[in-house]
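A, B, C, D, E and F are the chain letters, set down in written order, and residue numbers restart from 1 in every chain.
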Amino acid sequence: MDGLTAAENRELETRLQKRQVKEFMAVFGNLVDNCFQSCVDDFTSKALSGRESGCISRCVTKSMATQSRLGERFAELNAAMSAEMAKR
Amino acid sequence: MFGLGRPQPTSAEKIAAIENELKVVAEMHSRMIKVCTSKCIDKAYREGELNKGEGVCLDRCSAKFFEAHQTISEQLQKEGAARGFGSM
Amino acid sequence: MDGLTAAENRELETRLQKRQVKEFMAVFGNLVDNCFQSCVDDFTSKALSGRESGCISRCVTKSMATQSRLGERFAELNAAMSAEMAKR
Amino acid sequence: MFGLGRPQPTSAEKIAAIENELKVVAEMHSRMIKVCTSKCIDKAYREGELNKGEGVCLDRCSAKFFEAHQTISEQLQKEGAARGFGSM
Amino acid sequence: MDGLTAAENRELETRLQKRQVKEFMAVFGNLVDNCFQSCVDDFTSKALSGRESGCISRCVTKSMATQSRLGERFAELNAAMSAEMAKR
Amino acid sequence: MFGLGRPQPTSAEKIAAIENELKVVAEMHSRMIKVCTSKCIDKAYREGELNKGEGVCLDRCSAKFFEAHQTISEQLQKEGAARGFGSM
């Protein structure tokens, strides 16, 4: 955070917290949408069936594993790209 | 999430917290409209009124969406806590 | 709006107005997209055909009915959930 | 929506109003790009130039999208007013 | 920008710059998504194949041509609509 | 884009620049999650764990997404500059 005053740093941190909350909400919302879309298709009852609940639960677990795996790859690729840029 | 140890929330923080809670609810509402429309409404639009089947489907879809939303929140809290994610 | 000063309440209200405008615009935009996607498929002319206009008009009416029905359900489910939470 | 009875708009309100108008236009533009791309552009991308059919399709699609946007606005104002929705 | 003071105009300009950056980023992001979705389907290797790179490159060129064509149409249609509105 | 000739960035501008950079990265991350999930994850959710095929697919998809992102950026800079677009 090069060349920022203490006050600027505090302001920046506040903004980043807001962004983080926003991003978490977007990820959570996409997860709900995706798991509901993929798992729920029977509207003859108003409660989730056992099959639907199971599918949703597996979808959530797999989505978290996906996010965690892609998070690792993203960090690696981003570091490699930054190193590449610095060389030029 | 970050404010640990701070004495008490500032005005801006209190307002942001309330705003955020309402945003979560509003976003859930708009996601429900999107997903239940795609599940229940025939895209041919041969009539302007909701027919009985569509109406009943919307009622059940909204109940299932709420249930899914809640169980997913709970699962994320449990699994997320286990993995050291932020809770929601 | 527990524990807010008058000034905080005014600020909060301003934010909520902005949010409401934003949400209305998003709902409106999604409605236009959805009805256009579902109803318009003939690009041999640059004016909407009678069939397309009719379809769009029914789509708008049905979308408003959908939103109004889901709005009622959402309010009920949200109230039930809040009551449930308060019991715990 | 809320400001009824207030004497005159503040600076912030005037700026927000102009900003909002421009946002409506910008959003309509970006939605048009999305929807007309999906209607007119072949996803195989065998060539980089727009072929004649695609170009004509885009022209007609944009005209139809504008027309749809306007008729939907008008219908919503009429029906929304009847149901007590906010006007747009 | 009717009836704004110099200070209001500066504030407005700052907001519009932010909006422009935001819009550019959204357009760019949609372009990446769309071209990747349309062109990449082989995950037997971790580098883009020649076929995929070629497809992406054509997709980018065609997307820019699409945006430029729709931008012209949008400006014309918007001007025509404004003239129409002014007549009423 | 607009600030040409201004002596040096203000606090707000410096913070906005850092915020923006982080936003670009965060958005790229979330788009990668979306697109690679749709390319690699079977929507049946018969199991909660990532199977080996899905994991490998995610790794390759992320590498290809990064490569595509970079080549598209470069192409846009070249073609955009030629057409007088803003650079990115």
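The definition used in the following text is that contacts are C-beta pairs under 8 Å (C-beta built on N, C-alpha and C of every residue); 3 or more make two chains touch, one makes a residue touch a chain.
Chain identities (UniProt): A, B, C, D, E, F = Mitochondrial import inner membrane translocase subunit.
Note that the structure is a prediction, hence the values are computed from the model and not measured.
Counting steps between touching chains, the shortest path from subunit A to subunit D takes 3. Chains that count as touching both subunit D and subunit E, per the definition above, do not exist in this structure.
Chain centres here are C-alpha means, and the one lying farthest from subunit A is D. Chain centres were defined as the mean of their Cα atoms; on that basis the chain farthest from subunit B turns out to be E.
Separation between the centroids of subunit B and subunit C, computed from CA atoms only, is 14 Å. For this pair, subunit A with subunit C, the centres built from the Cα atoms lie 25 Å apart. For this pair, subunit B with subunit E, the centres built from the Cα atoms lie 29 Å apart. Multi-chain contact residues, meaning those touching two or more other chains, occur in subunit D at positions 23, 34, 40, 59, 63.
Shown for subunit E are the residues in touch with two or more other chains, namely 35, 39, 56-57, 61. In terms of which chains touch, the assembly is arranged as a closed ring, every chain touching its two neighbours and no others.
The residues of subunit F lying in touch with subunit E in their complex are 1-2, 16, 20, 23-24, 27-28, 31, 34-35, 38-40, 56-57, 59-61, 63-65, 67-69, 71-72, 75-76, 79-80, 83, 85-86, 88.
Across the complex, subunit E is touched by residues 11, 14-15, 18-19, 22-23, 25-26, 29-30, 32-34, 36-37, 40-41, 43-50, 54-55, 58-59, 62-63, 66, 70 of subunit D.
Those residues of subunit A that touch subunit B in the shared complex are 17-18, 20-21, 24-25, 28-29, 31-33, 35-37, 39-41, 43-48, 52-53, 56-57, 60-61, 64, 68. The part of subunit A that touches subunit F in the complex is made up of residues 1, 3-5, 7-8, 11-12, 15-16, 19, 23, 26-27, 30, 34-35, 38-39, 55-59, 61-63, 65-67, 69-71, 73-74, 77-78, 81.
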